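My questions all concern the structure below.
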């Protein structure tokens, strides 16, 4: 039975990836699961300099989802290379680094820095809704997406993945801009912009007012966007948004995602990634499917 | 204690409205609640000609929400006036008619037809995501919104409400276009575009592929958009999306919605609108708030 | 309306019978209730009235997903949130020769119907895959024939074969079960020119006719229209349904 | 990990004590568990280890929202999904004069701590609004002082007044309770130059240090940084916390 898929130059044992920002740098989850079993690990979004992130509260539970306002807390790209990468390199799993610049130059700077052994891919986060100056502005504008992708593409020998925000009128245009810019793959969706209010204090729950919505609440939205993107680009698509079990994962694969990423579900169940891999295997056995590629894009409209 | 609010020329006893398409023409719910208690009733979206709607299945339950693909089944504007309006007129509650045209001319035609006694407002549905030719195309383009609003505004003496779709990059631009076009109020959000796949059949659940997501899953998205719109327009805003109880309603009022509409919750609990009114009253009593207008827009950022 | 669970027990593999207190309206055979199955479910779920007697309601249900799984775990004393009875129910024509046909868990609404049908002569045909259930409750109400697909109990084959044989001897057929069975009932009864009512299923949200979610295609003079299973049904005259 | 509920009972208004079977790792005092409270809740909820002895875990909890409400309705035999124990727990320095200070339901982790603290001398100060609970379990473990705000039981006033009086006689203070109390402990202990550890609360998602959701501001040489309550805490040296 073949579960392996390819995203650009990266060979994945199976199509199950961890979503950026929901799996740290792998350390914590390594106490729960064997990281070697994963298709790939996407690490927490990195910035040029270390970032402290937003003041608490940073989390708010909503109906079947969470709002987060982490604010890209991370140790910065240098500290990542020095302190986190060696740990990740001790596993036999492709590492994809998620980068969040505030300018095109920052994206390029990080891509160059990360063009080193032990890293297989760069995921360009043009869509983090939490940083006022950063992400948002790029992610909704196809020209900016094209520009960043092209420049990052030139700056690295690694597989380049562009991660799209769902907070746009037409995700297809954004996806095409990334493809035209030279992306090897597209990943989506990032969190959906959302808000919550504390009715006793009559204040937004977050100091930043707006947060990012993730979890099963957004799955229908994510699936629709992945489906749309798959129909307009020829590069592989990594689908994510609310995946909680192997059935959800299969929905994304069936609409055409080459791989899927699991985010918020890791918080609810630290074993979920491995359980999803096992679930997909079992489904394939039961349905006598030899190759995962028979499932990918098999939707009948 | 004052719960009454004004939306254009319409005086509402309280800020609780029913959302279009979730309350039929009021008949069914009149067996459960006293319609006279409601702030206003917005009826199912009407089209020029009767519409049969989409083939089943038309509903799919998602995590804390539902996807629907009703396809605007309705008896048409004439049959509404003849068969449904007389029933609604027997109650002491403002009736707002939701109209969904496929062309600007259709919107104008319906607005003119409906400029009659017993109707207090016209809600322009530029955003129904279920009809291929209709809604969607208008709803995402500010120029179209401006154009339709202006022409409908001229065609009717009633309060004109423009209902916005959330499936856009910048809802503020759409809201401003509606205001500029002469809208008396803005309502939002309509359903969020979403999709579900039957993994056994490897087919979309709906023949139309895409459906509209509603219910508590989308509440954070709705609240964020209402908040944004309130900051850029000076006309009243009717907030909706996932409201399930008086606390949810208060969140929308606090961010600045002049009134709120309850949709999907009616399906779960046919008494919910009246319960929400009672809940708001109790909250005001407990917090010694004399006038609902003290709550509206009281958010501290 | 709140209802207290009185009992909840498995009566076949993944088929349960639940009884609860009922202070609401008295149901008509073929009507259904919308029950909040709790847990992560969002909408209420529709279940037919299986039986009813002075303040005690019975439903029969099969575990299919999250909602029915949650139901199956409820215990005496638990409180359910329920609306209904909803829908039209079967039209009862007194003094006729009646054939009641059920397939699988589709027999649920037919017990209460059989009790209330006031027939001159009552035949009851119950079809199952392999395992039978609830049959004993029908006995005594009419002449009961049971079929199973492999013949493990009763006659071997599909319940519709019984209908084909008996159609000439009855004035009206009432059916509930899987779609292929209902379709066969439609064909057989129309060919024999015998009245036939069938109870349909469709995904539901409101259960009261407001959302237009539970569409069922029916014949119209000019072509077709969609009716609401929850309000115009769940029981339809077989001849009007377009499968 | 699945855990079977052994008992669940109210011990004061809206305060419950639950015990369940525990086959997992032995906890350290101050550690917590993440418990799936079922129903409509999405994330697991954190609860401190209140007590532990050979395969039996106890938690003490107050009903605050949906999750704790669901917990309070669970019965013997129900199965919980739990991860943990998580977090660092209290650092135990043997042979010291120890003051344990708890406020309200914040006394939850302190019982197990009191049992394990190996003090030379142990003082326990428990503060409540009006109603007291769990006090009897602390008795015998050390010298117990109880305060209530109106003086209905024990001393009248805030528990921090007890700390102010006793701070000179102890080597270390351990505290858990509402934020204002913890802030007061920080001030009193820093002024008196006495060691002090406090257990903090913050909204959590993962509970294991991955999501960075449970940020707590701590002093750094150059200013401040955010630590993770779930992994770097929940117990912090009072002096490092920036309230």
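In this document, chain identifiers A, B, C and D correspond to the written order of the chains, with residue numbering beginning at 1 in each.
Assume a contact is a pair of C-beta atoms (placed from the backbone, for glycine too) under 8 Å apart; a residue touches a chain by one contact, two chains touch by 3 or more.
Labels paired with UniProt names: A, B = Dihydroorotate dehydrogenase B (NAD(+)), catalytic subunit; C, D = Dihydroorotate dehydrogenase B (NAD(+)), electron transfer subunit.
Bear in mind the structure is a predicted one, so any value in this text is a computation, not a measurement.
Engineer: What is the set of chains touching both chain B and chain C?
Structural biologist: Of all the chains present, none is in contact with both chain B and chain C.
Engineer: With centres defined as the mean of C-alpha atoms, identify the chain lying farthest from chain B.
Structural biologist: D
Engineer: Centre to centre, by mean C-alpha position, how many angstrom separate chain A and chain C?
Structural biologist: 47
Engineer: Starting from the mean Cα coordinates of chain C and chain D, work out the distance between those two points in Å.
Structural biologist: The separation of the two C-alpha centroids amounts to 54 Å.
Engineer: Using Cα averages as centroids, what's the distance between chain A and chain D in whole Å?
Structural biologist: 36
Engineer: Can you list the residues of chain D that touch 2 or more other chains?
Structural biologist: Residues 40 of chain D each touch two or more of the other chains.
Engineer: Residues of chain B touching 2+ other chains?
Structural biologist: Within chain B, residues 62-65, 215-216 contact more than one other chain.
Engineer: Would you identify the shape of the chain contact graph, picking one of line, ring, star, complete or other?
Structural biologist: Drawn as a graph, the chains make one closed cycle, so a ring.
Engineer: For this structure, enumerate the chain pairs that meet the touch criterion.
Structural biologist: A-B, A-D, B-C, C-D
Engineer: Within their complex, state which residues of chain D touch chain A.
Structural biologist: 36, 40-44, 83, 202-217, 224-226, 231
Engineer: Where on chain B is chain A touching in the complex?
Structural biologist: So the residues of chain B in touch with chain A come to 62-65, 67, 140, 167-170, 192-197, 199, 201-204, 209-211, 213, 215-221, 223-224, 227, 242, 244, 247, 250-251, 254-255, 298-301.
Engineer: Hey, which residues of chain C end up touching chain D in the complex?
Structural biologist: The touching residues are 38-40.
Engineer: Over in the complex, which chain A residues touch chain D? Could you list them?
Structural biologist: Against chain D, chain A makes touches at 21-24, 27-29, 31-32, 44, 52-66, 68, 70, 73, 215-216, 264, 266-268, 270.
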